[in-house]
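Can you keep this structure in mind? I'll have questions shortly.
Residue numbering begins at 1 within each chain, and the chains themselves are lettered A, B, C and D in the order written.
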């Protein structure tokens, strides 16, 4: 058996790279006739500055282009097709209304340099979103400028640095738990800090004793993810914050997992000084095949002076404006003021839910994850026994006895019509299988996933080969990634 | 809630399956005293018809109908309709980063095509899968040059987009990087004499922008040559990507001495909406030999174990999820969907219409500048050849373009005016008439 | 071998009928709160008029609905995927701009009963389209009211009837060539006419001598398709018209094949009195999985008084209005004034092309068809030797020797990643394979189709079984249609 | 031309492949003297940006922003956004009629679902895959009843949509069909006494509409009973499909005597835009025993030869492509995509929101009628319970609704006013205020 009751085989069309298509003279676009006097270009620009042509760029009709990308699209798995249980990624349904609203002409064509009286609508959207995010996270001020989660981390750490500098010493180190996402240490490093790793205890949370040993006046902050990447709530978080604060250090929270706690607990209420929020996770802006995202940063009052500029001000007539006069600001982290298109979508989602709706989101996200945990915990080894919230991490320990590893299990899931979970992360779990279903999955979809996982566990026992060579039902088989990296071919060239 | 499938009945069955009696029990891991004991204070939930109303009302409060002749890094070019039709397919816009290559070949091949297009346009050997925007792209290019050169001093032209320079300052501040500005000459281009003087042996790289912030087209090849002579790297920033359709690209010249080492820039002009500043799409292209120092994702050709060819994310040992604090960048989520828009844009316009579009930008801008000179009392500054922007010195407030006083106080009451192919002659004439009044 | 170089196998998700999904209590839509005083319904409407509930109607969340229809969609072949060579159907690329323009709020929300000063834009669109269609067809007046081709036929024949009635005698018969589409006789019948069949000669065109015998004062009109369903131009069309006209009868042309002749020859110039035009063929309005279409009817002046009402008038201030004061009109053929959404699309297409563009359309449609004809004429028997225009009809005669029939060839094409051609039509060709590529196909796509057809011809010789049991690469195999019709199950019921 | 791939080079190669030297030779079948010797006289071709401009300008000339309170067969209901997102998939909207079942299962299953939904809503046993619209649907129902009954006289209520009746006249005129009108009573419903009198034994069928053109809800079950008693068939037309969400459907009653034989109607209210009159979607539902007399396509469950279950177009021996002049109808292309919109609409709203929407229509209409009665000097006519329309007698021209004088001169200066769930109270109040002035 190579397929499942959930899938059938059907042909899909092949398609070469676009550079091998078309033919000279085809056109996909026509420009209105020039309505100003034509002048010879050479009279305007030195001929040496003009290019000859663009080697290799294909000429295509509109039909060619449409067919090309339509065919490519059919090779992708996507959230509208089925469960996408990538742990830490919060792959939830992206409401269609978000897309429509972001495309309204008044938004799509707005330019941030227009005089403020011509952009009141956009500024109101941004300000309202800031206010909502501050309330959800329990913080005092928000910047929408960062482009994604990692960018938010950098922004937040730079603000921490500015804060310490304003007190005379930027300090040297950022503490990061060993379960953290790779962007955490990377962001700390670009901020000019040394990274020190905090080990986890056997509950999967920060080891308080070891932390106590590490915290000193050299420490600028801890970067902590809560609930952490195991889906476990850092129950000592208040103590962690106390410990850091007692040494003048701050607490940065990676808010990637906010989907577990909206309306239930707030970072601002458990000692966090600054966090970033991934609008492309919790707030349903689409992942777009890798981006764009949006990573607003929320801070406590003490950090407010350091926010990137502009911040959105309101004058005495209640008109909004971009306030660039921010002497203590860390500066700009990105041109203009962030991914406005994502802000519209996120606000649309927040307004659709309201307070009760967002709480329900977190509740059902946690319910769905625990349902999977319960149903799979006999067949797969739980990484930690601690209660988990919106995601659950197993290890491949039981399957590894038959030399079936997490990667194999993921690939085999494809044959059952599912996207694999996050694999091999967090790093502290050998053979981690990290499953986050989100609240937008139905019981039927979860049951079907559970069935597939149980079947695979059985296959791993009885027929490990079929798992190890999976997937068997895709248009291309498992890729030899090592070979690809050995001689990278990063662009098309004519033969 | 309409986005949550499981109804009360489903929930009850699931709770029973888990063996608990309430959802609340599942939150036992969160200490009681940390729990929020009230509802969040948010606007009351809106139904879909109310949401539409809410956002239409706000959108109508932005007045975008009339051409404002503002560019300055965000350009209003015509966006072919097929782009939105294609990127609106769930297969593209709702997919995650293509880590699972077997079910993400569509995204992977499209990114590979983006990389190739950018390489072709810039004249460089390789390009990455995108960066957040042009501004962070320039910052990343500087960090990359620091890694390559092991030097820390950078010269950056004052005519690089001021917001980009601000972002560079933010990124560079804590990494031992020293930034020096290069002034512009009377023609609006980089002052080559000053550049010559400032280009000491400890300079890691020189960063210029072409067309520059004033719209002037730089001699990037001469600059690269000069920089290389002094042992530095040449970084060229392209804020207005349409210009690549007609201008000799920084990466193309018979002599390697005269080509840039890194071409970085903003791809918004390739079919991405202004959208009040974002999302747009940064790109970064370089020489093959610097590939392992590049920031951001890369897609490469690959084969499955049966030999069938396809694509995969590759060279990820540069990246944060593998290398953590030693990664070439902290970037993870990038601008994939905007890169796809750019790819479709380039496929649609092709080399010919791209060149025509670029030509229309040049000719309309030239027309507008000449008309202003002829028919108004305002002075068009900087005689260097322009792409689609120019600076005009006005008396009083300029109702068009971007006032430059915030970024260039030395220019007084000047404004940066942008004229793209979407401006009709009658719009330009109306502007000139108003400026003449 | 079951697949081809053009395709790869890939899984697709299964999906039950919607009535088996969801669960009680799910919601996909919320209504704004009632903002008028709530009254008990029973006080307004007799309780006996209120229904209890709707048995079997499922309760679904928005996510459930999206997933359901997305999964269904992936099972369809479509024009954006590849060649769709259905003869007589003109399956050409549907420009994306058409869709956008038809959805502009000013069009989508316009109501035809609004006062005319509030619908000038819509009326101008309709009037402009009428004018363009009149010019393209060489006729004097156009109605946009008919909903599709067959509906246009009915409209046209009713006008012919009204014309004859106004002369005192509706006459009895409509002559229809044996190669005609089934809607022709069906439409004539509902118009109260007897259908008489005109045989084709060995060139595949109307047999003039036999026609001469049939034409008399009982004949109201001939319904002729030109180019006919073989793709052959009725070269005697002028004589046909003369013959009919000499007996006071009229010439109705089925304009389904207009794509072969735009800017090259015009029905109005070769004697046609009335024709319908399929906007969903020649003018790129999408087929929508079976509809909606739009079937404008163009007429010569003599028939103008009989047009369905309203016609679009223009007053002395050049304002447009619906003119309902049409005493000789056949009446209304449809509520309101036709499929306006399709009119917008068709006009958008005509304006995109202009005169030169439309001529190029026809030229390339004919080029593409003849290219296929030339490349396949050795492997498949041409039905007729006559020169063909936009489509070509083969028979399965050569393949039938191995008991491989047209239906098999079509199904086998699916395995090669193509939609089958029209099969078993026109009826005068036994085992007809009717191929119409249209102008929106590239040489590459045609070559690939030709390859597939040649391969199938070879398979029919060497391995007929694989052709007869095709398709092999689809999620469902060949359907037993006879069994389905024997005990029709036309709706879902709970078990 | 951007929609034509083959370039000159391609064309030359193809001509060579055919063995001719010019495209013109391929037209040799068209006699020279019939050739057009000039270009067509059409507006010059527009580029995409110009097309957008052209249509935006025309769209702006329709003023649709303000609620006009016009219904009369075309209703402005809220259309959930997912409908357009889903039907905009090329897989749905660019596919042909699903004759090739193996590669059209998506369309087939969706139509099967449409048929089921319509059957459930109308309370009938089976429904077809769609008809052009409600008007032609009524005409088809009459032809169907003629085939079933072999009788030729039809009674049609005067409160059936006047345009529908006009279409019926056009269709029926040449088929020996005799149409008689049934008048309405003082309450706005069918005059049951007249109906009783007119229902002679030679009546093939009686056609009523509910809610009728005046918005009044008919006693369709009583009517069916009466008609059946006289040996006729009962045809009920439903112009406002939302009403099926709350009103007892014509096809549902413990006694078969009291149910309709054919329920026909317009599905535009189910998620299809007004679009200046079309495309909309007609439906026709009936008893299982009349299936072979139905017009239009039907999708049925089926199995492949390996036993796997799926769907297929079936009973096509009724149709024109098989039966030609003996077909049950001449319809070929139907309204498939609009049927899909309706199917998605019904799936999205489900039974509960559908009922709520219907309730809001009733309550808001009731509110509007009461307010007009209370606050203006105009008279709301016809006391029968209403769904979402009512007739108001005005002095002078009514700035709202549809003036009825064209269709019902006997009503004088009356207007038909429609209030759906999309009308906000403030819109209604504004109308009342203006009418009061």
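Annotations
Assume a contact is a pair of C-beta atoms (placed from the backbone, for glycine too) under 8 Å apart; a residue touches a chain by one contact, two chains touch by 3 or more.
These numbers come from a predicted model, not from an experiment.
Comparing chain pairs C-D and A-D, the larger number of C-beta contacts belongs to C-D. Comparing mean CA positions across the assembly, the chain most remote from chain B is D. Between the Cα centres of chain C and chain D there is a gap of 19 Å.
One inter-chain figure worth recording: chain B and chain D are separated by 49 Å, centre to centre, where each centre is the mean of the chain's CA atoms.
Each chain gets a centre from the mean of its Cα atoms; for chain B and chain C, those two points are 46 Å apart. Contacts with at least two other chains are made by residues 22-23, 26-31, 59-64, 66, 70, 74-75, 80-81, 93, 95-97, 99-100, 414, 440-443, 474-476 of chain A.
For chain B, residues touching at least two other chains, in rising order: 1-6, 10, 48-49, 52, 80-82, 85, 88-90.
Listed in rising order, the residues of chain C touching chain B in the complex are 22-32, 59-64, 70, 96-97, 99-100.
For chain A in complex with chain C, the touching residues are 3, 5-14, 21, 23, 61-64, 66-67, 70-71, 74-75, 80-82, 93, 95-96, 414-415, 417, 440-444, 473-476.
Across the complex, chain D meets chain B through its residues 48-49, 52, 78, 80-81, 85, 88-89, 422. By the touch criterion given at the top, residues 1-10, 47-50, 81-82, 85, 90 of chain B touch chain C in their complex.
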